[in-house]
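Okay, got some structures for you below.
Each of the two complexes below includes subunit A, the first together with subunit B, the second together with subunit C.
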Partner chain A sequence: MSDTHAQTVSYVRDTMLPQAEPPLRDKGAVKWMRENLFSSWLNAILTVLSLFVVYWIVSHLYPWFANSVWRAGSLTECREIRDATVGSDAPSACFAVIADRWQQLLFGFYPKEYYWRPVLALVVFLVSLWPVLFDNAPRKMLFFTLAAPFIMFALLWGGPIWGPLFVALGFVLGYFAYELVNKSAGPLAATLAAIILPLLYWFYLVGPLAGLFSSVAPIGFEYVDSKDFGGFTLSVVIGVAGIVLSLPLGILLALGRSSDLFLINKVSVGFIEIIRGVPLIVWLFTASLLLNYFLPPGTNFDLMLRVIIMVTLFSAAYIAEVVRGGLAALPKGQYEAADALGLDYWKAMRLIILPQALKISIPGIVNTFIGLFKDTTLVVFIGLLDPIGLTNAIRASTDWNGVYWELFVFIGLMFFIFCFSMGRYSLYLEKKLQREHR
Partner chain B sequence: MSDIVTERDIDRSHMTVSDEVAIQIDQMNKWYGTFHVLRDINLTVYRGERIVICGPSGSGKSTLIRCINRLEEHQAGSIVVDGTELSSDLKNIDKIRSEVGMCFQHFNLFPHLTILENCTLAPIWVRKTPKKEAEEIAMHFLQKVKIPEQADKYPGQLSGGQQQRVAIARSLCMKPRIMLFDEPTSALDPEMIKEVLDTMIELAEEGMTMLCVTHEMGFAQAVANRVIFMDQGQIVEQNEPKEFFNNPQSDRTKLFLSQILGH
Partner chain C sequence: MKKTVFFGAVTVAGLAAGLASAATLDDVKARGTLNCGVTTGLAGFAAPNAEGVWEGFDVDLCRAVAAAVLGDPMAVNFVPTTGQTRFTALASGEIDMLSRVTTWTYSRDTDLSFEFAGVNYYDGQGFMVPRALGVSSAKELDGATVCIQTGTTTELNLADFFRNNNISYEPVPVETNAEGQQQYLAGACDVYTTDASGLAATRGTFENPADHVVLPEIISKEPLGPVVRHGDNEWGDIVRWTLNALVAAEELGVTSENVAELAAAPTDNPEINRLLGTESELGAMMGLDADWAVRAISAAGNYGEMFETNIGESTPIGLARGLNAQWTEGGLQYSPPFR
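So, the complex of A and B:
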C-alpha cells in the first residue's frame, strides 16, 4: 500500500519541522485540572461540591481512627484510656477488640494448636489457582490443582487421610473406565461407565476400604468437627467451594437451557427459575431443617456440606443465566462453522462456543461470585458462626459488650479485600483476552 | 461484476468432469415452518464439476447448499453425498460434514483462535491428526492461499479478503472432496474480491468439485461448467455458461441477467 503511494505521489516533504512545545497553559497539572475538574461551570460546581462531601466524611471519620486504642483488655479499659488521653467526648475507636480476638474472627473455634492447617490449606488453594488463573504456570501444576481439593479437605477436617484419598481415586477410576470402554464400545458407553463405576465404588467400596486402612494405618491429622469451623475460615470454605462447584454446574444449566432437547431444556429452565425465584435464606433454612426429612433416617449429613450444596445450587442458577447471555451473544455463524467442520456438539461447545461465551460473561460471572461470597454471611441465621455470627459471640463476653463498629469495620475490610481482588482479576482477564483476540 | 478473473489464462488440464456422482438430489423439498422454501429440487453433481448457482435474493440458494451438509434439514426427497444418504443419523452427518467443506459469506472464523489454530482445530479434533502433522497441513494450505505469514495472528487483525482466504484454507485442511461456497465475496470490498476469486479459481484448476452461490458472473464464465438459475425455491434453468449467458431460455432468467449484468 504505502510503496504504491510513494510512487504515485510526486511531491513528498522529506524534512520535517521540529516538534514545538505546547503553550504553557496546556501543560501539566494546570491543564489536567482545567480539562478534568473545571471544564465548565457545571463541572466546577460539581467539583467543589464533591470536595466538600469528601471533606465532610473524612473530617468525621478521621478522629475516630486517629484516636483509636489498640491495647486494652476490655471495652471499659478502652474508654478509660480514651478519657485519659483525648478526653471523654472525643470519638475513639476501640480496635483493641480486634487485637484481642482476631484469631477467633479468622478461625472461629478451630483448635488453636491447629491454626496452621487452615492457613496451609489457603496456601494450597492459592498455589492451585495459579495454573487456572494465569497461563504462565507449568502444565504439570494442573495435577496439583486436581489433587488440591482433597489435600485441602484432609487439612481442614483432618481424620485419617484414607477417606479423601479413596474418594479421589474414584475420579481416577472413572478416567480409566472411560479410556478403556471408549476403545471397545464407543463414547456413549464410555461416558456411562465413567459415571456408574465411580458411583458404585463411592457408595459401596470407599467406606469399607477407608475403614480398613484407617484401622491398620491411622495416618492423618486430628479430626476437627464442622461445628468448630467459624469466622473467615468458614466464609472462605463455603465461598470457595460454592464458587468452584457452581461454575461447571452453571455452565451445564446454561447449555441445557439453550438446548433443543425438550426434556433437558424444561428441566434446566425449571431448576433455574425455582432456585432463583426463592431467597437464599429460605434455601439455607431448607438445608438446615428440611433436608433431613428427605435423607434416609440415620444419615448424619454435615450441616456445612448441606449449606455448600445450597449455596452452589443458588449461584449456579445465576451463573447459568449469565452464561446464557454470553451464548446468545455469539453470532449464529460460529455454531454453523463448527458444525460445518464436523465437530460434534460437545467439541463445538468446548472448543468454539464456550471459550467465547465465557469471555463475554466474565464480568457477570465474577459479579455472581462476589455476591455469593458475601452471601455466605447469611449462614449466621442457621446457627453457623461466620464472622458476623462471631461478633455476637464476642459481644456476649462481658469484656467486649457493646463493641459494634470496630468489628464490622474489620469484617468489612476483610470482605472488601477478597471481593476487590476478584474484581481486579476479572479486569485483568478481560484486558488480557481483549489483547489476545483483537 | 468483475472482469478481472478473465484476464488470466486458466489452466484447464485438471478440470475434468468424471462420470462418478458426487451429489445426487432427488425430489427434495424443504419447508421453514409452513413456508415452502425449496420445491422438487433434482440435481446431480458429478465429481470435478464447478457449478455456479445464481438467482434473486430469497430464492433459496443458501438453503439449497446448506441442505447438502445438513446445516438445514430437508423434509422430503433424498440427498446422497459421496454415496452416503443424509438422514437424521448423526454418524452419517458427521461423516459428510468432514468431507464437504463450506465457506460462508461472513467467513465465520473463530475469533479466539489464531489463524493456524483455526486451521488445525478440525483436523486435530475430528480427524485425530497429530498436532505437528496438522500444523504442517495447515501451513501448506495457508501457503496456497498466500498468507502463511499471518499464521500467528488472530482473525480480527486480518482484512476481509484475507479472512475469507483463511476460511477457505481452514476448509481445505480437512481434505474435503466437495467444496460449498455461499456468496464468499458478497461481504467484501471490491479490491478484495479478486484475491478470493483467484483462490477459488486455483481450487477449480486443481479439479475440486465445487458448488458456488455467487453473483460473480466473470467467475462463472471463467471456470464454471454449469450455471444454475434458481427462483422461488425452484431450479428454473441450468446450462453451460456460454449458453446460459448468451441464450437464456426462461423470461425470469432473462430478467435476472439483465438486472445483474446491468445492461
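So, the complex of A and C:
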C-alpha cells in the first residue's frame, strides 16, 4: 500500500468483504417475478388477468378429465357410472368410447389379424427416414430408403409381392439405361432413354410378368382393399405419400418456373397457378366425382389413389413456390460461380444451388407438410372414413350417439403428436445447417 | 345456377353410364359382391360396429338384395357416401344401388335419371323443443330461433311452413346433425328441426330425454327409399321386388324363423307358395332362381323384423311404426301382389 492515500483517506479497507446475500427483492423467485411478471403496473394487471383465465380454464376442464370414465359399454353406462361415483351434476368425460373404438380410430376397417402390417409399415417408414433426416446413419441405409416405398406398399395392401417388385425393377432399369446410353450417346439421349424405357416396361411388361410369377409362386400377404383403410392409417398413408411425392415434384416445378426455356417455364407457371388458385376441397371433389366421367365406365380407379394424386399435386404447387423463394434468395454470384466452374445445369443445381436454396426453404417446406397432413381430414367430405369421418360413424351406433369432445380430444392429440414432431425436426435441421455467422 | 349445372352434369353422366353398363345383374354376379352406397353413419340406418361390420335398417336392405342375387348376405361392399357424392357414385357405376335415406322427389326421379325402387321408410320433418318452453304446437313458435341444417330440403320446408302460418323465425345454421345436437343442448336455439326419425334418435341420446318434446306437427313428406340407375329395368325390378318381398313377408306372417319351414313344402296359402318359390316360377322371371325370396327374408328378417331390430321401439332410437306399419294396420307399407 502506498503512502498517497495515507494522507487523504483516514481508513482504507484492505480485506475483501465476504459476499453478502443479495437483498430479498433482487434474488430468486421474487426477482424473477418482479422482472418477468410485475415489471410495471400494466404488466401486473395483465399477469393477474392471465392467471385468472388460466385458473378458469383449468378449473372447468380438470374435473371433466379427473372424473372421466374409461370402462363402459355405452354412453348411458358412462352416465350411470358417473352418477354412482361422483354424482349426476359433476362433469365427466366418457373416454370409454376411446377404449372401445381406438382400434377403429387408428386402423379403420383394416382386418384385425393384420394390424401389425400398418404398424410395421410405419416402422419401415421411420427407419427409412433415418439416413435422410440424420447424417449419423450408414450411407448403405439409403438403399433401404429407396426400397422402402415398395416394402410399405406390399405391407399395407398386400397381394403377391411380384407387382411392387417388378415396378421397382423399372427404376433399376432406368438407372442402367442412363449409365449405358450416357457413355455412347451423351446425357440428353441418356435422360430420354432413362424415361422412355422404364415407361415402356411398366406399361407392357410388368402386368404380364407379375401375373405369370403370381400364378407360379403366389408369395405375399393377404390382399387388403383400399376401402378397408380408415382412421389414422388413412390419414398417415395419404399424408406421407403426399409429402414424399410432392417434394421432388415441387422442386422440379420450382426449377421449371425459374427456367429460361419458354415452354417449360410457362407449363410450370400454369400448373402452379391453376392448382394453387383452387381450394383443395374442389380438387378432392374433382378426384372423387369428375374423374369418374372421364374414365371409361366400369374402370374402377381406386378412390384413395385418386386422392393421393390430387393431394400430391396440390402440395407440390405450394412446395414449388416455397423452393422458388429459396432460389430467389440466393445471390446471383452463386449461379455465376457454378457456371464459372464449368458445371452443367443439373450438376450446378445439385451441388451448389439446391443445397443452399433448400436450406433456406426448410421452415416453409415443413410448414407446407404440416398443413398438408392436417388437410387430409378434408377427405371426410368425399366419403372416406378418416378419423373425423369415423367419429361420425361411431356416433351413429346407438351405444355412442352423443359423444363429441372425447373423440375430438383424442384425434387432436394424435394430430398434435405428428405435427409437433415435424416442427421440432425442422428446428433441429435449421440449427444443424446454420452456417452464417450472425 | 350452380345446382343446375351440377344436376346437368350428373344427368349426362347418368345417361352415359346407364347406356354403357346396362346389365348390372351380370356385373354383380361376375364380381361376386354387391356395391351398395350407404351413409357415412346415421344411427339406426347405417353404421359400422366396433368390428367394422355395417349394421342398420338401410344396410339390411342391401344384405337382402345381396342374399337374393348372390346367395350370401355378407357379399356386400359398403361404400360410404355423403350427401354430395351419393348421386354421382350411383350415376358413374361406382355403386349398384343406393340405400341411403334418400328422399324420393320429382327432380331426382326425372332430372337426375334415377329410379326409386320403392319406399322403405316414410319420414317427415318435425320439431323438438325443451319441455320448459311450454310449447305444444309448432304454430306457437313465432319468433323462435331454429337450428337447421343448411343446404337440405329441411331448410326449404321450414321456410315454407313458417310462411304458410304467417309467423317468423330466426334460423341458426348448422352443418351436421351432430353440430345441431350440440347447439340445441347448449341453448343456442329454442327449436331443433330435422327428420322425425333423426329427432327421435337424437332425443334418445340426451341425458334427460323427458325434458324435451317432439311436437306433433310433421311439416313435410320424406319418403326414403333405395335408388338405382335409369336404363337398367331388370336390375331395378330385382331391388324393387326384394323390398316388396320383405314387406309382403311381414303381411303374410313369414319371418326369418319360420321361412325355412314354410319353404320346405307348399303350404295352404298360394301367395306364400308363390313368394317362396314352392309354386310357379316367379324368380326365373327376373333372372334369379326359385328361392331368391327365401334367402332375402332369411338375411335380416322380413320388413317388420328389420324395423324392430334397428329402429323399432325396443331399440334406443325407439321409433313407432306409424306410417310404416302394414296397410292392414293403418300404415302405408303395401306390397303389390306376387302373381
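We adopt the following convention: the second predicted complex is superposed on the first by the 401 of 438 C-alpha atoms of A that agree within 3 Å, B and C clash if a C-alpha of one lies under 4 Å from a C-alpha of the other, contacts with A are read in each partner's own complex, and residues count from 1 in each chain.
Here, contacts are C-beta pairs under 8 Å (C-beta built on N, C-alpha and C of every residue); 3 or more make two chains touch, one makes a residue touch a chain.
Predicted model, so just to flag it, every value in this text is computed and none were measured.
Judged by the touch definition given at the top, the superposed model places A:I394 against subunit C, while subunit B stays out of reach. Put subunit B and subunit C next to each other and count what each touches on subunit A; the higher total goes to C. In the superposition on chain A, A:I352 makes contact with subunit B only, not with subunit C. With both structures placed on the common chain, the touch criterion links A:I382 to subunit C but leaves subunit B unconnected. In the superposition on chain A, A:D344 makes contact with subunit B only, not with subunit C. Once chain A of one complex is fitted onto chain A of the other, the partner contacts of A:G333 are limited to subunit B, with no touch recorded for subunit C. In the superposed pair of complexes, A:N182 makes contact with neither subunit B nor subunit C.
By the touch rule above, subunit B contacts subunit A in their complex via residues 69, 71, 90, 94, 97-98, 100-102, 104, 106, 108-112, 121-122, 125-126, 154, 156-157, 170-171, 174. On the subunit C side of its complex with subunit A, the touching residues are 9, 12-13, 16-17, 20-21, 27, 39-52, 55-56, 77, 79-82, 84-85, 88-89, 92-94, 176, 178, 181-182, 201-202, 204-207, 315-317. For subunit A in complex with subunit C, the touching residues are 75-76, 79, 100-101, 104, 108-109, 112, 227-228, 285, 288-289, 292-293, 296-298, 300, 380-385, 389, 392-398, 401-402, 404. Taken in their complex, subunit A has these residues touching subunit B: 331, 333-334, 336-337, 339-344, 347, 351-352, 355-356, 359, 433, 436-438.
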